[in-house]
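Please read the structure below before turning to the comments.
As written, the chain order gives the labels A, B, C and D, with residue 1 at the start of each chain.
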Amino acid sequence: MPATPKPFVICAPEPRSLDLIFTSDKLAVLRDRYELFETEAEAVAGLDDATLARARYVLGQPPIPSETLAKMTSLRAVLNVESNLLDNMPYDEVFARGIHVVTTGAVFAVPVAEIGLGFALDLARQISASDADFKAGRELWGGDGNLSARLLTGADVGIIGFGDLGRTLNRLLIGFRCNVKVHDPWLPPSILQDHQVAPASLDEVLKDSDFVFVMAAVTTENRGFLGAEEFAGMRPGAAFILLSRADVVDFDALLDAVERGHILAASDVWPEEPLPPDHRARRLPGLIHSAHRAGAMDVAFKKMGDMVLEDMALMDKGLPPMRCKRAERETAGRMRSKPVDTN
Amino acid sequence: MPATPKPFVICAPEPRSLDLIFTSDKLAVLRDRYELFETEAEAVAGLDDATLARARYVLGQPPIPSETLAKMTSLRAVLNVESNLLDNMPYDEVFARGIHVVTTGAVFAVPVAEIGLGFALDLARQISASDADFKAGRELWGGDGNLSARLLTGADVGIIGFGDLGRTLNRLLIGFRCNVKVHDPWLPPSILQDHQVAPASLDEVLKDSDFVFVMAAVTTENRGFLGAEEFAGMRPGAAFILLSRADVVDFDALLDAVERGHILAASDVWPEEPLPPDHRARRLPGLIHSAHRAGAMDVAFKKMGDMVLEDMALMDKGLPPMRCKRAERETAGRMRSKPVDTN
Amino acid sequence: MPATPKPFVICAPEPRSLDLIFTSDKLAVLRDRYELFETEAEAVAGLDDATLARARYVLGQPPIPSETLAKMTSLRAVLNVESNLLDNMPYDEVFARGIHVVTTGAVFAVPVAEIGLGFALDLARQISASDADFKAGRELWGGDGNLSARLLTGADVGIIGFGDLGRTLNRLLIGFRCNVKVHDPWLPPSILQDHQVAPASLDEVLKDSDFVFVMAAVTTENRGFLGAEEFAGMRPGAAFILLSRADVVDFDALLDAVERGHILAASDVWPEEPLPPDHRARRLPGLIHSAHRAGAMDVAFKKMGDMVLEDMALMDKGLPPMRCKRAERETAGRMRSKPVDTN
Amino acid sequence: MPATPKPFVICAPEPRSLDLIFTSDKLAVLRDRYELFETEAEAVAGLDDATLARARYVLGQPPIPSETLAKMTSLRAVLNVESNLLDNMPYDEVFARGIHVVTTGAVFAVPVAEIGLGFALDLARQISASDADFKAGRELWGGDGNLSARLLTGADVGIIGFGDLGRTLNRLLIGFRCNVKVHDPWLPPSILQDHQVAPASLDEVLKDSDFVFVMAAVTTENRGFLGAEEFAGMRPGAAFILLSRADVVDFDALLDAVERGHILAASDVWPEEPLPPDHRARRLPGLIHSAHRAGAMDVAFKKMGDMVLEDMALMDKGLPPMRCKRAERETAGRMRSKPVDTN
């Protein structure tokens, strides 16, 4: 009697690779449970009908035209391991057929939240500036070096965007007993209250916080929503920590606000990446510079593979995926965070 | 009918001052409740008998010879706001008379723990080194800049010394869900377990941790207890964060271990302060430099006054002090952390 | 210029009523924002085409045949405030059209978890049995009354089913520092680990726990899955606390296990409700009896209205509902918990 | 060469016994480390001088007259395992000599706090009353049985007395996110704030709480401080939970307040123990009766031995005891909680 054939998976995980997102042990599990068809994203639309018809899962987010999708009669899920949604498949048809589109961006939550908290403590205590001064022999000792120092414990903290990143940051802050306000227009107030944070307008978050963390994705509606007026409304000396995408900020206005000493800032993302060598931001004091490194840790990529395997196991049993985040019919088309080219 | 005279307080808070440790509001409360006799520490032993006899409290730790103490017949407490115990009064006689000696070092716990966590996140993610690279135009983007990056979440953390500083650090770590081991030979295991940390030997803490925080005071027994052998026993790439006193460490051995790349380190304290301009530690990569700034924040000094007022209020009611830390008959003579000269 | 008409809502919330699930303030908000069409569940299918075509929301879960659904061309969501899914609408068509079906069962999580914890503490310390003894003049004093007493703090706890109820119970247990194992076949292990509980098989949960809480809904697959063999595998003296539905248990086997003194139990649900006056369960010692009261608190019902209003507000803005729980295409047909007749 | 003699311990732990407070393993440790002299409390004063002179520790609280104490020249500590201080030794002399008097009452904190929380949940949800009704065939189903039900989550909670018991209760409440007010006149406000509870007057605690927990020991100052006026000031329907000693309450006034339906109550302690068979409290509805069983669990007694061993180990090393609670010079004479006769 022939064995049940293994479920068939089209793998086109660019810009990731199977080796990036799976540990060798987990890759062995993947190969053991599934029949893998490894290809390039651009090649998927051209695959033969029989191959398309067999695919239970697509690992990656290759372009899938409507006519290709129609041939993928066994498809249960597109497992997008880049995690920003490209506008390269007919999401309405996908959703109408009950095919799940899931993303693995949650893997970046802990790395991003940790470096974000590190930036906050650095700005509060001038850790990197003082280290540079010490190396240069111009350090100030004791209280003389603490004139602008502040505590995070008990501080007023604002978080803009309360998805996986914001929630993880909020968890890291537990021991600091901060007064946390959150602005997230896609969430109802009671969900925020359940997380023991106070729902607030963007204005309130900006003007009532000592530390403002920006974790909001770029959407069709929020490009550049943090500009000169918003920075001017912040408390003098407050710290602005940008962790999501440069496009939510008017970057020149941000640099101006830091340059005139109104606020301190840290940023992991930049209007151009790499930033030109002569960009004014490069040597600006009061700004901590990070080269889009907040999330891109190997442990994060490897967790993508774990998540994907767990959700495929659920779907194999006829259950819905629970581990990855599902793209939503209503919002899939609104996301505008640029995918990365490199890992 | 004459009013009850206000309790009498000899104030000699050097190196602090009343203005440093009390907000103006709290200083007004102090002056309202008590009759203050403000003097210099060196002058206390020479005060006239009537003045000595009236003193209910001494605020500061002036030299108090045995014969002076004998004249202080109303004395209930010495409120030491420097917080390191000098060997300048006959503690045995003090304790035999039931006079409390209390210290206010707990005010430094939050500032020290916060900067310590900041150091840890900096070492884990190379925040200050990457900022310097970015400014110099040699930054690495994305995953290329994260080859040695590690997470604090879920990491093995060791804490040496579990007084106010260690406990506060442990609280700040709650959200990180670390596996925390603690070495403190002055505490029974079950107190550590109640704080949900694992009691451990010094060896275990050193060899099983990704991050080691040193919060132990210097005592007659532990000078230089962290030396070449101890550093060699640490995990390669682990972070060593020194927050208490330089004397617990063989500093040359520490610098050697960092220089050969075995460990990363951050230090707030130094064998000489200020450190000579040409000291080898100054430009050592892999070491974050902080100029004894961890605790010396104005909010910390002001909290000293709050604590002192609360405990004086309890003692005025015939109750024992509960807010400050009490010096202990057994250990008062063992403390050897150098007092500070400056605030 | 005519005002934009208010969105149209068909209200058929049986067995709830608008007055049950909305406070008067929130009902005023509902009436202000929406045009309500209040009817009976059975009448919905017979409404005229124009009315059906206008409905943006259905509040309740009336029978909706396929041909009725086809006429509801503006429908965005069915807001089911009973919370158990009846098999009375073509869910596949509903989902294919991207219409959300949401339930409000989460309102019961806190009431159920609290009484469940109360049952556990009662069984651990014999609170109600000792109260009855005391009233009858046969109480045992001090340690004599504690021969079988046990602590919840540090105990091994098992939770079966980790939806809203299980998660809320787990939150209430935080301060007790229990060792919590969870069995939930619809969830991947890493979600459980994120909640700091250990994923476990049903067997492990039963045999390794001092307290077992059953929070699992009835499905097509799990009727009576807790039977004689399962109870026999439990630790002697362990407490079994049934909070979801009687149908997951072989009730006679449960009563037998309690009767022979192998385990203690508490139950909020019964094979027949009301239970016949002469049912053997009624006077069984070692069993705490609760008359399906765990969730049915007025504050819970009122929270339904809050949740519904929040999600309607999101959907009015073109966003997906986030507050209520969404029925899933894969599992909607598997749920078999009997709806209630009374509130 | 002769071995160092083992430290000498006079054991007179009445009303406890060594077997009650030590597991067999820990008793073996005790016997291995120390030379035990087991005697009765009343016999200690009559021991010969050589025996008295050798004693490093007294385990128990036997009467020790001044002249006996003078002969105990090696004495470091009295380890009181009853835990209420009797007025049977000259505490001033004891403290002047730097001898520690420590008590082990903290072992009761978890058992007492757990049953206290159990009482609260029972009163909130009428668990034992409904169980009795169900057994009697007069139960009310669903919401009909919940007319007076209330949640603990988010409730206003008052705690009177914030020693080990109050703090442990506060820890158990973490997951309930209550608004906790505490009255404790022996503690400064900032210690309460550090525990994230609000310092409050007795009046505020009584009038602003849905649940009031009394954990305060009896002192020379607080006998009967909770009387008719205090109960009248409580919120209608509030729950009053008495866990420390009957003497802090005017018990008749408490029973009156329950009888007229103003408040609900639970009590573990009684004006006479055992309570006379015909006492009016016995059959009073709205009152949960517990026969002084809150603390007296075997696991609690066994923990006394653990604590004593840990502190003796510290004192053997010349360190102060840290695990048990130290009696205080100022308050030792004020404690008036009656010791127990039975365990």
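A few remarks follow.
Keep in mind that, in the parts below, a contact is a pair of C-beta atoms (placed from the backbone, for glycine too) under 8 Å apart; a residue touches a chain by one contact, two chains touch by 3 or more.
Every value quoted in this text rests on a predicted model; they were computed, and no experiment measured them.
Listed by label, the chains that touch chain B and also chain D number zero.
Mean C-alpha positions place chain C and chain D at a centre distance of 38 Å. Between the CA-based centres of chain B and chain C the separation comes to 51 Å, rounded to the whole angstrom. Each chain gets one centre point, the mean of its Cα atoms, and the points for chain A and chain C are 34 Å apart.
Counting partner chains per residue, chain B shows two or more touched chains at no residue at all. Taken together, the touching pairs link the chains into one ring where each has two partners.
Against chain B, the residues of chain D that register as touching in their complex are 95-98, 186-191, 306-307, 310-311, 313-314, 318-320, 322-323, 328-331.
Chain D contributes residues 110-111, 114-115, 117-119, 121-122, 124-125, 127-128, 130-132, 134-135, 137, 139-146, 149, 151-153, 171-176, 273-274, 277, 282-283, 288-293, 296-299, 301, 340, 342-343 to its touches with chain C in the complex.
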